[in-house]
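The following blocks contain the structures, represented as structure tokens.
Next come two complexes, and both contain chain A; in the first it sits with chain B, in the second with chain C.
Here is the complex of A and B:
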């Protein structure tokens, strides 16, 4: 009997030893229910990291994206943040400013050769890094442009404002399509600043003055912004694009079904276009409205929470994730853009000659991150409302002035957001 | 003076039924829309919203949305959690609030009216306004578990149940109802030597079916529809309730409407079942107290 007890105790100690050596790291991820490959890949990444060493064990908790930011805010309040946070790029400065996050503390040499969007910087330090980027393009068919004798633009020579307007008018005059262009007005929220603020920037305006981040005066309601606002409203008044009541189903399939001649859409929606149109599919750079061609950048990224007791463990996990192998796996699994050219070469879609290769070039050459300020989360909502109101016929100058007032008041209320 | 003939009575009855049927249709249409939409693919669902087809099982009908919804989210876990949390809270609320009301109505103690007034005053405070301090308190509260004394209630079932057991509305409903019970019954029981606990269990509660049903249904609806509180205090998927689970059906840009409708149809079943099981008592209570659900 004594032998049995001793054997049992030894076995228990033996089983318990590895568990005692490992320190648990909690990690939150925003994609519960996303029904795509990303969640599986994240789990695979965590499993491989856990198996690769014996010091740390990452335990993942997934949240629905709709509730994620609120859950993080509540956990920060209660002092219950996890060690590793998943954060949307433009939201990161807010979380860093609020001390929800701490600097990554990784060797920046490891980030050389990365696309700019997936690196989250705040106050001169890197707080977060993503494994992929996303880019937007004017998606259309070569045969459509050729039919209406419209020049095919390139990265070096994108359409000018006049060329773009002329192309829309030509297509509209043909009567072949319900609308010449689909901007994706059925999508709400972050789509507006991500997809449309680059158009404002190309006119010469912006959501906020990036030189100080203390005001939106003159950038969101100056002459350039007013010109953008008038042009934007004209798109809707002249029936060149569907309005804010666009059906979600039309957004998904309108281009493929021939309702729209062009669509302003992301690389995540590009594969069905390639499948449907083959070599006829075109992904064109953003037009240059006078101040360069610009598209949005930034992705979901990993960071270390401000209250993590094991930042070295969290850092080890994030560094483990920063491998071409994972960038390529995420790209192949989700269709998103790998963050390095070497990883791109290993992917099915972004390798030289791949069907989505063009998006890597767009991301590399045109991408601009959204305003890097804690106030962005408020500014994005103000911008979204202003653009929707203008699209629905509101006075351009009054709407932009009101948006500027709201943004400036928020900055003032938050004492400049630490800039 | 007009004569009331059997023909007139028939007409009146017909008109009354016509109005009732119309009202019933108005109330049942959203449920019908939800159930029918859950059977259709997204593009057809959105197209049908502009016509009466939205309420009919026409077009490409299948259970695919249900299959996809179950693949997307652990629906069984969410429904189980909500039923458990809601069920326990309802039972404990009925016990605690009816005992409190019993004390307010039948026992004579110092400060009773002041305390009751304070409880009544809480009716005008929305729960959302106290969620932040409640969150801070809950994160520090002690608890004795199998592993000994621990601090912090977050990420547990108890944090979703205990803060909602005592509530002013349920106490108020019980007080109003108990006041209308014949005092002679209570006095006779006391004269016979019955204890207060005996009177509560054997005299008052058996007469309180309607108010128990009303309080139970109101509490059930409040708890089953909880979103903000569990979102703030629960991080583990295995203890999330159904309303937070709804977030699994939206991502940054797209909403799979068919799956949303399938999910809503599934999570509506427990609510309907609970309501139908208490319907008679609830109607009796509404009729007798004028309380609206």
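Here is the complex of A and C:
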């Protein structure tokens, strides 16, 4: 027995000795088994960082995205968080508030010229930075709009509510499509607040009052939110969009197969559309429902865990990653939007004249991050359920009231979420 | 003096330790914790200290109120009628920010009925929980008898000495071995609106007369669709238990019955059924408990929708505890579920007791 202990100790010392020169940093990443080059690129980033200096050695562990947040929660309870985390933008305030994360401590001058979405701020400090952003657009074909004599909107002059409604009605009346518009109701979860809360904001409402983050009263159930709710319900009642039971496969291929005339979809789904329709593909800004045209922002970002003993090492890694070279590489490998215009110029899809260039403009001009509050996790769920219920015919005012009550009660139970 | 009994006793405890320890660690301690959490405001992730809040979680889930709505009246005092329907003021006038009705604050309509001109409304603090409770009970009431009856029928059918009978056994048992998540995804395709398999089959059998139906997207068929697939998935397992019960019945009893000239139904009624007594008690309790634990199908297929028509208790417990980080709320639902299942098991034990 004693011999065993000695050997173990020796082994431990033996393994520890190279670490005197090189400290090991653990890192968790959500992209295990990703369909594109994401996982390969992140490993390449880690390898190049490790080779570039001799103080730190980053050891990466990747998780499937569906299990990632649960794994971080469990590790935090067990006190075993890694040094470097990646975090979904809207979730960051929750993790920062719960002390899963610490401020990045990065020089903000380095973040100049970045798109607004990839910089994660909470309580006046930067906690996370992303290497890319994502954007949503109304995807359709030029020939479709021309056929029904519908004006092609621009970033400066998007469709108004009336224009948008009459466009949908016109396409519906032609009977050429199963539905004029596909909102992606098949994609449950974060898609709902990410893709649909900007529509509510364009009507003049929001998920929660952003001036205090203490209440949703009159914001999620005020007059403009009620107007949004009635319009939203009308889309489903008038069979302009497929409902919550939409088939996932139809969501993926409906536009390409001609089932839908337009699709409210992200830049990550844009390349197949360009491949199928070529120059005929159109990516249009969200309609302006009265309060400006807006889309959601913020994707996955890097941050330092609250328990990291080597924040300076973690910071060095993140600063190493914040180079145009990596922004461009990830954009080319995954189709996501690079965070600086200089990096965009080096990418295949977002360079001037590139097939997805329009998304960079959308992100730059219209993007609004989701409510920056630790309560967002709950508010997103409440919002998702309210929108699904209204789509399925629930009373608009009662449903939004109930959502407000649940959000306010949750904020109260959490003592204001530290705002 | 250490007697032999005491020593053996120690060995006995030692041998029981692995099993008892695991049961304690993974069943008893979590349950005690759940009960403790249900009396606090414990969150999944929060820098705020946990506080004891007594039975507040329970009253927030179970709070009910009855309220009578009087119709809108015109100047003459008659009820306003539009399109043949009596018009009522909106409930939100009374339930939101109305100091005159503090007991209605934040409550929502659960269900209502008409009595004369007035409408009586039952309000609940947590309508979603109430719907989940009712759906779960409905699910159990339908599934427990139906699934055990179908399983018994299948067991009787395959308890014969025919060529290739083991093939049928394997086929009926197959859904049990497949993961419920996979089964749920497959059935989602089957129920798919428009051109799903079920819609296609029904329209082929009716020569196109059947209109495609949105099985999971319609509040009136969603829970029924899930009940049907759950029975299909679970029936094979209980068939095997019935089968084992059938095979413990001595063949001599059947022979005796045959000699006495017993008809098929009489044989079943007076030989088979009494012989299956203990199996029946077991199956009823097991199916009831499994039905109360309904979760995966809901999580994969409907997420409780549309309009809460498939909300169930375990799904709500998980949704609150993990989805909304409200561990105390999820724990409270678990404790309530435990109490319900325990009392039903006791009632079943009492109803199926050996009468002397």
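Definition applied: the second predicted complex is superposed on the first by the 399 of 419 C-alpha atoms of A that agree within 3 Å, B and C clash if a C-alpha of one lies under 4 Å from a C-alpha of the other, contacts with A are read in each partner's own complex, and residues count from 1 in each chain.
Operating definition for what follows: a residue touches a chain if its C-beta (ideal position, glycine included) is under 8 Å from a C-beta of that chain, and two chains touch if they have at least 3 such contacts.
Since this is a predicted model, take the numbers as computed values, not measurements.
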Overlay on chain A: chain C relative to chain B, clash or fit: clash
Touched partner set for A:191, first chain B, second chain C, both or neither: first
Touched partner set for A:247, first chain B, second chain C, both or neither: both
Touched partner set for A:70, first chain B, second chain C, both or neither: both
Partner chain in contact with A:418 - chain B first, chain C second, else both or neither: second
Touched partner set for A:366, first chain B, second chain C, both or neither: neither
Partner chain in contact with A:28 - chain B first, chain C second, else both or neither: first
Touched partner set for A:79, first chain B, second chain C, both or neither: first
Which of chain B and chain C A:308 touches, first, second, both or neither: neither
Colliding stretch - chain C into chain B, listed as 189-197, 207-215, 297-305 or 333-341: 189-197
Shared contact residues on chain A - chain B and chain C: 70, 247
Chain C residues within the chain A interface of the complex: 41, 43-48, 90-92, 96, 106, 108-109, 127, 192-194, 196, 214, 216-217, 219, 303, 305-308, 319, 322-326
Of chain B, residues touching chain A in the complex: 42-43, 46-47, 68, 71-73, 132, 135-136, 138-139, 152, 154-155, 231-233, 235-237, 244-257
Complex contacts: residues of chain A adjacent to chain B: 28, 31-35, 61-67, 70-71, 74-75, 77-80, 82, 187, 189-191, 247-249, 252-253
Residues on chain A engaged by chain C in the complex (per definition of touch): 70, 73, 76, 94-95, 97-100, 188, 243-247, 377-378, 381, 388-389, 392-394, 397-398, 401-402, 405, 409-410, 413-415, 418
